[in-house]
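Some structures are shown below for you to check.
Each of the two complexes below includes chain A, the first together with chain B, the second together with chain C.
So, the complex of A and B:
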């Protein structure tokens, strides 16, 4: 489905992604795990195309020069230079890190804005589905999104990504700032999305504990380089991973 | 082979506290050159100019001062759309003092500077708590309000204004005083914003809540920044009163609000040098286009658009980057 080859991203002179290659098959749940500044967010931005926007903006401002090399092939078509809005139309949807919601709008409005591309009927179904997936949001329908708690905001953000009916859902640090309880609830919801709806999910995360048991395949990213890959179970058994991520 | 452009800073300036460690003439020239260039230009250029262009130079310096004062406010998080308030306040104050008691300009100008700054600060004190667009709207309305007040109540000469102010002693003094004032404000404010005090102001712009969390009263600091900025504006106004020997309603005109903003944006916001550079481009440009006639404003607007679209960061920041950085192609190493 998605085939990424030799991705190199420079922010000015600093290298953020160094020769990163990976594949995602249809219906898979792929996790990319790495510490801070490993290049996870850069990877997500590159896959969703946001980096093209950043490139243009920085260039006009005279800020950091962003250099991208490599190829991203999605369903047999090269999308390396495709605009982010066009990628969303083709089914690649990113939920950015740090709860990207519209704080001044209500929960319902947020979901409606997110579904801009879809028809009314589809939006209604999508909203129903989001509420079914996250029952906690139903009571908060009319509340301003900026006043929700972190976990509720993250649920809303994922709900917003789902309204667009993605084929490939990119999640950037969905567990950021959530309690272990909340993390488990959220991971359960994501797993059910993947298994029941058949949405392919690529998830970036620092926390290995809730992620490894549920993923089909995992990649360990360090300093922009792919250091280890395998199934979730294999990674859990790896002694180095155990030491680095589980402290055993 | 894949290549990318690499950027390297020409880092030769070692700074510890306020001590610069420089080892050769070339390095000294590299550091001092850009700072000396405007000083030399501003001081020597008037000697070669015709009397008409010397007058343009005075108005250039005035707009540069207003642009610097706008930049100062912008850097402390207050976007003002009413520099004309500061300008007009200074102009009227010195005009009234001079008209009523016939006091020498050398006394009225400093008086108008200080009290103009104080009055403007007091007027704007209630809106310091407003952020962003609300503050801007208030500053935009104030000068318009004052104009109508003067027109309706006929105070201070009403629509005719006050004329017959005492001129400054000599033409050369008139010219060089404002140039020296502009240069000292430029370097003084640059120094101020680089100090810890300036850091607080910049912090207020970036995130005022965090600054409050550091135990700093942001409203007190904002008021101080407002005083500094409006005092500079009032000085420019007071000066112009004695140059034109007249003060009237036009001092609250929109020109004095828009032009400084245009100068600062074209030159680059955030470094007072950009404001001066912008004024040095826009003011002579508007004079040059005077010969064209009807389409003058259109051409002028076109120039502005081109500057802003082509170099959105501002001319000064662009030049600064080119001066301080070297670029070269390197291989993308695997």
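So, the complex of A and C:
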């Protein structure tokens, strides 16, 4: 489904992704785990095309020079230079890190804004589905999204991504700043999206513990480079990872 | 005297709201402070005048064509000029002010000054309300101003483009992840702002005349209302419109007309000292910085 080859991303002279290659197959759940500043967000922005927009806007302002090398092929088409809105149309949907919601609008309005590309009927179905997946949101639908708790905001963020009907869902640190219990709730929901709805998921996280047990394949990203890969089980058994991520 | 002042204060308030709402919409959504706003107001009025007096078109087709032309001009202004300086606030202000200056001074140079340059009233009729004479045009200002505010609210709350406007205004990058194209929405917001300036001109100009200096006055009034209400806040524009509108009329009646000019300026000073982001403003950074 997704074939990324030799991706190199520079912000001015600082390298954020260094020769990154990986594949994602249809229906897979892929985890990318790495510490802060490993390049996870840059990877997500590059896959979703946000980096193209950042590139254009920085250039207009005469700001930071962003350079991208390599190729991203999605369903047989090269999308390396495709605008983010076009990638969304083709089913690649990113949920950004730090609860990407519209704080001044109500929960319901947030979901409607997210459905910009969809028809009224599809939005209605999407909203029903989001409420079914996260029943906690139903009681909050008139509330301003900015007043929700971190966990509620993250549920909303994932609900918003679902309205777009993703085929490839990119999740950038969805567990950031959440309690272990909320992390479990969210991971359960994400797994059900992958297994029952057949949505292909690529998830970036710092926490390995909730991620490795549920993913099909995982990658370890450090300093913009892939250092290890394997199935979730293989990674959990790896002594280096045990020491670095599980503290055993 | 009080009742009459009250009636005229309401008219004045809606005039100010009509003048400011387009400027506010553009700024609230794309962050572009459109300093050509007053010039667009005057441009559309001159276009209507030319279509009626030089081409001999009837009133309604002329004003509708000129509103459409001004809307298109706003879109072109964004695409051809503003797009190149996007993200640099100062350059945006200079670029739009430059465009405004050239439009206004071109009309002055071509000699479009005088009392014959005006637009006709919609209906030539007047009433007596609360013991005060009031003409149909002023009533139209109140009714159409109110309608426009309601329509804008419906647009931003119940249409997908309107919701996208609000999404972009809150978080541009997150909006991008839902396929909302920020350049396209910004183009729309500038052109819609220009269209609102043109509508305001069509409704308000019949009470006076079209002149280049009107462009500067309109810009200052729109800025005053937006600064007091809080840039980008529709509620703020309405509140500030009523606040200044009432303050001006009551000052005029009870203190004398030469004091009205400084009312909005004093209001700006007070707001900037007490709450720099405006009555309903949400630009916390600005407040914290000051």
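What we mean here is this: the second predicted complex is superposed on the first by the 248 of 248 C-alpha atoms of A that agree within 3 Å, B and C clash if a C-alpha of one lies under 4 Å from a C-alpha of the other, contacts with A are read in each partner's own complex, and residues count from 1 in each chain.
Just so we're on the same page, a contact is a pair of C-beta atoms (placed from the backbone, for glycine too) under 8 Å apart; a residue touches a chain by one contact, two chains touch by 3 or more.
Everything numeric here is computed off the predicted structure, so don't read it as measured data.
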item	value
Clash or fit (per the criteria above) of chain B with chain C on chain A	clash
First, second, both or neither for A:116, with chain B first and chain C second	second
When both partners are placed on the shared chain, which of chain B and chain C touches more of chain A	C
First, second, both or neither for A:69, with chain B first and chain C second	first
Which superposed partner A:105 touches (first chain B, second chain C, both, neither)	second
Chain B versus chain C as contact partner of A:19, first or second or both or neither	first
Partner chain in contact with A:77 - chain B first, chain C second, else both or neither	neither
First, second, both or neither for A:8, with chain B first and chain C second	first
First, second, both or neither for A:61, with chain B first and chain C second	both
Among 79-87, 133-141, 187-195 or 241-249 on chain B, the segment whose C-alpha atoms clash with chain C after superposition	133-141
Shared contact residues on chain A - chain B and chain C	60-61
In the complex, chain A residues that touch chain B	8, 10, 12-13, 19, 60-62, 65, 67, 69
Interfacial residue positions of chain A with respect to chain C in the complex	48, 50, 53, 57, 60-61, 63, 83-85, 88-89, 93-96, 100-105, 109, 112-117, 160-161, 164
Chain A-touching residues of chain C, taken from the complex the two chains share	83-88, 157, 160, 163-164, 166-167, 170-171, 173-182, 282
Of all residues in chain B, those that touch chain A in their complex	2, 4-8, 311-313, 317-318, 321, 332, 334
